[in-house]
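Same chain, two partners: chain A is paired with chain B first, then with chain C.
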Partner chain A sequence: MSTVTSYLSLLRAEWTKFRTVRGWVIAMAVAALVTVLLGLLSASGSHASCSKGAIEVPCPAPPLGPGGEAVSDKFYFVHQPLEGDGSITVRVTSMTGQIRLPDIEPGVRRVTAGVVPWAKAGVMVKDGLRQGSTYAALMVTGEHGVRMQHDYTHDTAGRPGGVSKESPRWLRLTRSGDTLTGYESADGERWTEVGTTHLAGLPATVRIGLFAASPCDLLVTRGDFGGSVGQCRFAEATAVFDQVSPQGEATGGSWSHDDVGVSTEPDGTPHHPGGFAESGGTFTVTGVGDIAPFVDGETVENTLTGVLAGLIVVIVVAVMFVTAEYRRGLIRTTLLAAPRRGRALVAKAVVIGAVAFVTGLAAAAVAVPLGTRILRANGNHLLPVSLLTEVRVVVGFAALLAVAAVFALALGALFRRGAAAVTTAVALLLLPYLLATASVLPLGVAQWLLRLTPAAGFAIQQSIPEYPHMTGHYAPQAGYYPLAPWAGLAVSGGYAALVLALAVFRLRRRDV
Partner chain B sequence: MRRHLHAEWTKLRTVPGAGWLPFAVVALTVGGSAAAAATVTCPPAGCAYDVPRLSLIGVQLGQAVVAILAVVAISGEYGTGMIRTTLTAMPCRTAVLAAKALLLTGVTLAAGTVAVLGSVLAGRLLLPGNGFTPAHDHPLLSLADAPTLRAAAGSVLYLALIALFSLGVAVAVRDSATAIGVVLGVLYLSSITIYLVQDPDWQRLLYRVSPMNAGLTVQATTGLSTLPLSPWAGLGVLAAWAAAALLGGGLLLRRRDA
Partner chain C sequence: MRATIEVNGLRKRFGSVVALDGMSFTVEPGRVTGFVGPNGAGKSTAMRVILGLDAADGGSALVGGRPYRSLLFPLRHVGALLDAGALQPSRSARNHLLWLAHSQGLTARRVDEVIELAGLRQVARRKAGGFSLGMRQRLGIAAALLGDPPVLILDEPFNGLDPEGIVWMREFLAELAGQGRAVLVSSHLMSELQDTAAHLVVVGRGRVIADTGVAELLATVSGDRVTLEEAYLALTRNAVEYRATGQEGAR
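So, the complex of A and B:
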């Protein structure tokens, strides 16, 4: 018998052992079922509505960017039309702002002068004023120097440093076809290129001009039991421009100005409006808001919260798949039939991993579409992700279950005791995840737990990435993992492989 | 009954790996409580912590070991086939289970008392350093304070009830892996499901029936009127879970082949 067929018959033997124990098959079905039911329960418990004066109305959907992602697109824009190719050159001489402080007395507003790190002001070329339309912008920022950004998710760094009257910053943005190039200069004579980008589908006529925006000020404080709590407070930025010279067809007329995306009070007046003033060629633009991805909403993976319950069941079955052999003495028969012990154990791991994978795939393939439907029906806005990401979340969920099953099986083989193996698996796989996401640990500790422990694999569920060019409370409790999705899964897989290797080693050396 | 107890005590004492479990209960409980007491700080502006409850938070970790202790006390016998010898020697199965339950309660009460006293002591020593001072309306933890005494004594009883609940489950399912999975699942998951629903009525209902949330209400000393249950009623819910598990397990033990 060739090696391959002998291995296949080993797999078949293990599969037969699994499928003929009715309890295990039922338990795996239960694992899928509780995962789905808990996910749907949590989805149906999540409602969203916004108040407009005294009445509750559905929340407005965030605009979508050119890449299909949800974006915030709120800023003050002073603009002119531009037909065909052209450019705009400005000098930024100052950037100031104000930030709201936490209230001491309720109802009494306190503000301080200052700009938040990602406050931004500069020049922009945009496809009209519609929120979410394609754009490219060259800007100075509060603390991140000159940046060239386009289409909400892309960011290129220029020279660091801020602006002042003594050291102003010249910015130039040129359009040639669908190519946008940003330059910066300290004196208006020697220019350095910051970045170049192609905006697909940019129409012939665009708006070109000056803008200012300031995201809210994020204050992360230590919460109860050492966790962290993010709080966002109003901030605005004011930039002063001079030497403004737009060039190209249709430019040179009067300036229009719009508070793009400004929120309004129930009576229709703008809430925290921006502003614009011009005198003698000096433009002062004040803006509130941000031009960046929007990440405040329900995510696809929120429908998979039942994973903990499902995992416990999978862990128990996987452990029993091996400890039951010891209990009944079947292991002696198994090893008589397959004297190469390592192979027998690996065959077991392959079978339980495959079963867990299929279970997880079935559970996620039902929970994600159904759960997202319920979330939407309840008025929640689901942050859109690409089909590829959605598939990764579903398949990754299945892979996580498979890795957990192999890990638990290996622990079972190592300890030969069910209770010890189950407790260890739960303590190493679920407990770090629970602790890290339940807001009981300082942020750093929570992140290290999710880097170093087998719980790192939960990262595979994260559908919305962390954006370096946006201030956010990127904590595990908000669904942000310190490792990239597949890297996290690889850490968990590594642990499973390590424990399996130890178990094989021990099985070879010991009597059964 | 004395002979039953003696036999069970010999078994529990000599089960490999079970001897250190009571010490692990103490270590994890005190360690968890001390870690919480060392990390939580009360800013000078004041804080709304339930200090006795905070200093007893390690019970939530220690209970897992109590569950293991209870499970190995019986599942080991099924694993090795010893249960047949036990039941041949002592044919009255209810008495066997009662002896096991009694012993387990005794061991857990002893370990739990040490663990809870250690936790309170750790809180008393560590918390004043983190801003929980009498000047800020947080008197030193003391068992002379009636609510604190109730929280401490209740926590010991809580651990004993967890042991009995786990024993009942373990007798019913006869396999250690399944039993520990069921116990940990029921305890920890039922306490999380509350966060999955957002409807306040459902939350209160789930709080009332979940053994861990309801049972740990016995540790609450502040804001009692806002809790869905009174402290002792909460412990009563856990007692009901333990009674149901023991009753179910006992019935199955009597009716089934071993």
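So, the complex of A and C:
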């Protein structure tokens, strides 16, 4: 009889042990059920509607970018048609703006001069004016120097520094087939390539021109209960261009200008309009809005808010799976049957991990599709993610439950006392998550909790990434974790493995 | 595999208490060997060491020539009954035997066989938590027999049995030994082993006081009333430590 056979026998024995205690099986089913029901409850309590004057209307869906993600596509565009290959060259001599300050007297608007870090102005090639269409743009920014960006989620850094009359920046964007290349220069003679990109499916005729946009000014303040609160205030950016020279078929005519994506007041006038003026070859473009991913909305993981209740049940069952044996002296029978003690405990961990995984998979596979359907039916716009991401959230949720179960079981084996093990598991796994996401801690502390504690694994649920080229309030309470999804899960898994190793070490050394 | 238990110079301390003080004996196949001695003599500790549950400070214990912890499917070599109460109360008797069987690569058919052997058919699907001590002992015997092992180690199997159960157990043990198995049965009451054990290992204070056949032991006792009990008491008189340790019960 081989070692493998004996190990498989142990796995089978532990599975038999688990399934023959009806209470544990029922508890696991309850864990799944609670997760699903709480998720659906929270989804059905989440309604969204927008008002148009006095009427309530469904909120407009955010445009979708070429990658299928929700995007902001709102900017002022001064453009011409371009057929086939061509380019545009400009000199940017100034970038200024204004930011609204909080009202002191109601109705009296206060503003201050300034540009936000990701205010952007420059040259762009875009597939028409439809929001969400493919584009490539070369730009100067408020605080991040020259950037080349395309299709909302991609960003390449060029030379740092701002622009002024004394230190202008030349920008050139060329199109050759589906290849777009950006160049920059300080003097219009010596050029440096910033980046190159391929826009698949870019039609022969595109719009080429100048643009300006400014996302709102994000102000993060300490909340009343110690957390952080993000507040977004109106900002606009104005750029001055000269030496504007479009090259290519169909260019050279008059300039069109559009306030792409501008929102309108009930009476049809634009709300916070941008603007454009030309005088003697100098173009002044003012824009409001952003060309970037759009991340305000419901996420798929919002349907999994029942995880905490589910996890508590899973932790209790996992702990009892081992401490019940200590309580009854059954551990001796187990070790008589499996005198290689490490294997006996690992077999137990594998079985409870697998059971928790299946429980989590079943819960998430029901809660996510059903929950998102309810959210949509309630007028919410769900931030679209790729199928792969959705699968990762579902499978990752199951893996998180599995890791939690192994962690709890290992603590149970280490302490041999149910109450102590459950308390410790909850304190190390759930409490840091609760504290970090409940806006009671400063942002930094919350993020460190989710890096260093076993709660790091909750990161596996995050479906919308943090975009470095967009200012955002990337806080745990908003669903942003400091570690990448799998990295976070690896931290939790590492803790589980560590405690399991300690438990094996202790079990091997001691008389039972 | 040889049907023997070989214990050689076992030593074990629990703090300042010496539980095993160089204990040596051999259990041969084909007969029931009684393992007797007063409470605290080291019987249970010796059994736990043989079964790999406790680690000895010195000496060796082999079953069938091998240390217990080296056995891949140990229940096929050694069947043991230590604590009949060690059961998950909400699991049925049959399922208790089933997980044990699965751990040794055995099938449910073998489970039903030992249920039959131990006379548990009527109650096999009831929760073990509701079992009387006598029924638990039978369940423990069934578990020990699962792997059809050549060696059996039973700690106080008569505990909690009614008179009918005691008779059943005696006959059962004799039958198992008759099949060529080595059967080691501990007891603190000599009378339980009367008519069952062919050989006795008498221990006290962690050592073997006598390792002898029942007949030989009886021959050494002088006096009018020749009983095993008296022979035993004469042997262990000096080995009893009144209220000294309580090890046997505490562990």
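As a convention for this text, the second predicted complex is superposed on the first by the 512 of 512 C-alpha atoms of A that agree within 3 Å, B and C clash if a C-alpha of one lies under 4 Å from a C-alpha of the other, contacts with A are read in each partner's own complex, and residues count from 1 in each chain.
Keep in mind that, in the parts below, a residue touches a chain if its C-beta (ideal position, glycine included) is under 8 Å from a C-beta of that chain, and two chains touch if they have at least 3 such contacts.
Source: prediction; values computed, not measured.
**Q** Using the superposition on chain A, decide if chain B and chain C clash or fit.
**A** fit
**Q** Output check: A:G329 vs chain B and chain C. Expected answer is one of first, second, both, neither. What do you get?
**A** After superposing on A, A:G329 lies in contact with chain C but is clear of chain B.
**Q** If you stack the two complexes on chain A, which partner ends up touching A:A365: first (chain B), second (chain C), both, or neither?
**A** neither
**Q** What is the contact status of A:G45 with respect to chain B (first) and chain C (second): first, second, both, or neither?
**A** In the superposition, A:G45 contacts chain B only.
**Q** Mind computing the angle chain B to chain A to chain C from the CA centres, in steps of 10 degrees?
**A** So the C-alpha centres give an angle of 50 degrees.
**Q** In the superposed arrangement, which partner chain does A:V422 touch: chain B (first), chain C (second), both, or neither?
**A** So A:V422 only meets chain B here.
**Q** So, A:L37: does it touch chain B (first), chain C (second), both, or neither?
**A** neither
**Q** Name the contact category of A:L452: first (chain B only), second (chain C only), both, or neither.
**A** It touches nothing on chain B or chain C.
**Q** Just to be sure I read the superposition right, which of the two partners does A:V319 touch: chain B = first, chain C = second, or both, or neither?
**A** first
**Q** Smallest separation in Å between any Cα of chain B and any Cα of chain C in the superposed model?
**A** Minimum C-alpha separation, chain B to chain C, in the superposed model is 9 Å.
**Q** Once the complexes are superposed, what residues of chain A are shared between the chain B interface and the chain C interface?
**A** 324
**Q** Would you mind writing out the residues of chain A in touch with chain C in their complex?
**A** 1, 3, 5-6, 9-10, 12-17, 20-23, 324-325, 328-330, 332-333, 335-340, 511-512
**Q** Under the stated contact criterion, what part of chain B meets chain A in this complex?
**A** 17, 36, 39-41, 49, 64, 68, 71-72, 75, 79, 175-181, 184-185, 188-189, 192-193, 196-199, 202
**Q** Per the contact definition, I'd like the list of chain C residues that touch chain A in the complex.
**A** Touch residues, chain C against chain A: 48, 51-55, 68-75, 80, 82-83, 85-92, 95-96, 98-100, 102-105, 143.
**Q** Flag every residue of chain A that touches chain B in the complex, lowest number first.
**A** By the definition above, chain A touches chain B via 38, 41-42, 45-47, 222, 224-226, 305, 308-309, 312-313, 315-316, 319-320, 323-324, 327, 412, 417-423, 426-427, 434, 442.
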